[in-house]
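Labels run A, B and C following the written order; every chain starts at residue 1.
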Amino acid sequence: MDLSIDTLFFLVELLGTAAFAASGAVLAIERGLDLFGIVFLGCATAIGGGVLRDVILGQIPPQAFVDYAYMLTAAMTSLLVFVWARVRRWESTRVFVNGPFMNVLDAAGLGIFSVIGVRNTILAGFGGNMFFCVFLGMTTGVGGGMLRDILSHTTPAVLRKRIYALASIAGAVCYYLMRPIAPKGSIAAATLLVVVLRVLASRYRWTLPHIDPPENKD
Amino acid sequence: MDLSIDTLFFLVELLGTAAFAASGAVLAIERGLDLFGIVFLGCATAIGGGVLRDVILGQIPPQAFVDYAYMLTAAMTSLLVFVWARVRRWESTRVFVNGPFMNVLDAAGLGIFSVIGVRNTILAGFGGNMFFCVFLGMTTGVGGGMLRDILSHTTPAVLRKRIYALASIAGAVCYYLMRPIAPKGSIAAATLLVVVLRVLASRYRWTLPHIDPPENKD
Amino acid sequence: MDLSIDTLFFLVELLGTAAFAASGAVLAIERGLDLFGIVFLGCATAIGGGVLRDVILGQIPPQAFVDYAYMLTAAMTSLLVFVWARVRRWESTRVFVNGPFMNVLDAAGLGIFSVIGVRNTILAGFGGNMFFCVFLGMTTGVGGGMLRDILSHTTPAVLRKRIYALASIAGAVCYYLMRPIAPKGSIAAATLLVVVLRVLASRYRWTLPHIDPPENKD
């Protein structure tokens, strides 16, 4: 079996795509959307960040419309979530998708997408501007989840979740700095960094400082 | 009277623009916005999808800023809704705009906009990528309504309404496949398809499968 | 001290950036976001409008990623708001940021950003299309605040606030028309116009006509 390093990265990408799509599909079900809405929100979550990056970079059509693997993975995963929620009890689906196993996949997706966002920005000729590279890395990593939350009318999780966008930024910076030394090793290292940060932050409930309690006026 | 087929398409476009603008203006009034907010949301609903498509395609300035007919129609319609809601009872305005007559106009707009989105994407040189063409067809058709709902802070109707984005996609695919055979006939056929789908879906309350009832946690 | 007119404009820009960032940071605190969310929303509010304009114009990377002064000002201001809200009472922070002093700074930001949006659109070669210039002037002026409200899940203030987007449009039109006569004087005049409009609208509670009371269905 020829499991080269590139194949491995591609697998991590697909797993991340599936995890993102599952989070979108579950939210769609919670919102009472129909099958189309479920697949739509699953796909938007999975490929939204990359499409946003490509539109900003002016790379038209966006990659997700050229290489169908991601969209197919996202649509299939959304369908699977729907079927599972119908056949088995809905509650069990929700618990699984929000559980620790999917959290690791989600972290892997966050990591590899952030890295790919930086790489594509460098390949597009903006390697001299670290700030912009990291921004588009973060956009690729968290953009889909942001789109999901805006479309489904909830406060973006990226702003609420523990060390989420920050983990994406850490991975993007790590990759940007390590890339000249180890082009492929840096992909793995930066992705792992994000996974470790996210898993630790979830498990040990790391929080950044915040003002507590604000008198909420709404 | 010279009512050629192109003039007819243009008329359908303007009617669709008016229907979209009316839906935006009514939502703005429901939200308690002032006259500017009403006209703003009416125009955003009517031209938002096309502007989004043009920005993605890199066609700057977007068509709506070059050909004023659409923006004028949208602004005038919004004003008309405002005046009508002031002079007559507000409730009657709301009932009319949400009623079956406007629903057909809205469906006509959804159809012709979806078709035009596909055509403009083909004309921009992306005719080889059916997936991308259909995506921008749908974007043109439902993008304005999505913008309306995000700006006015409601769950996007496109994700809740019966067979709405799906009708847009059906029309886009139909036009894409028929265009090589009948360039103009396909515009009419695809638009009609969307109208028929939407009217039937509204009248007979077609639904796609969904999970029911999810334990809503919010 | 060499306080030339350009330096003065730059200062007004930075003050406006700070005022925008402060409004984002305060909203983030009200939403219970952590330090990252506070700085993120502060920066998004301050530079979002300009980034949106640059993406639409195809000017990549956007100015805010080339000239760091704005991002730094926004991040520092957000941090300052956070520290102040921690050290002193939160209520006093909120009152100050929403008070008349910051309102004038916010109006100055609205004015200078609207003007700069028009200028950059003209410099990008679209000076012949007044409509598009004014649109991107308004986008630059109110886009950041819109992004802030969408991300933090509130009805966009730009649609609710007294004469806000309209003041931006007035400034943009004023600059567009005066620019051929007085390139620099028109910047000052248009910015001042926005400040005066906003301050008067806030103080004397100017309102545009609206339908009152709509039977709110939500």
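Note that in this section a contact is a pair of C-beta atoms (placed from the backbone, for glycine too) under 8 Å apart; a residue touches a chain by one contact, two chains touch by 3 or more.
This is a predicted model, so every value here is computed, not measured.
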{"item": "Residue-number overlap at the chain A/chain B interface, same or different (half cut)", "value": "different"}
{"item": "Equivalent-chain rotation between chain C and chain A, CA atoms, steps of 5 degrees", "value": "120"}
{"item": "Between chain B and chain A, distance of the C-alpha-averaged centres to the nearest whole Å", "value": "30"}
{"item": "Set of chain B residues in contact with two or more other chains", "value": "55, 58, 150, 153"}
{"item": "Touching residues (chain side chain A, partner chain C) in the complex", "value": "55-58, 126, 129, 131-132, 135, 146, 150, 153-156, 159-160, 163, 165-166, 207-218"}
{"item": "Complex interface listing, chain C residues touching chain A", "value": "28-38, 40-41, 55, 58, 60-62, 65-66, 68, 71, 82, 85-86, 90-91, 150-153"}
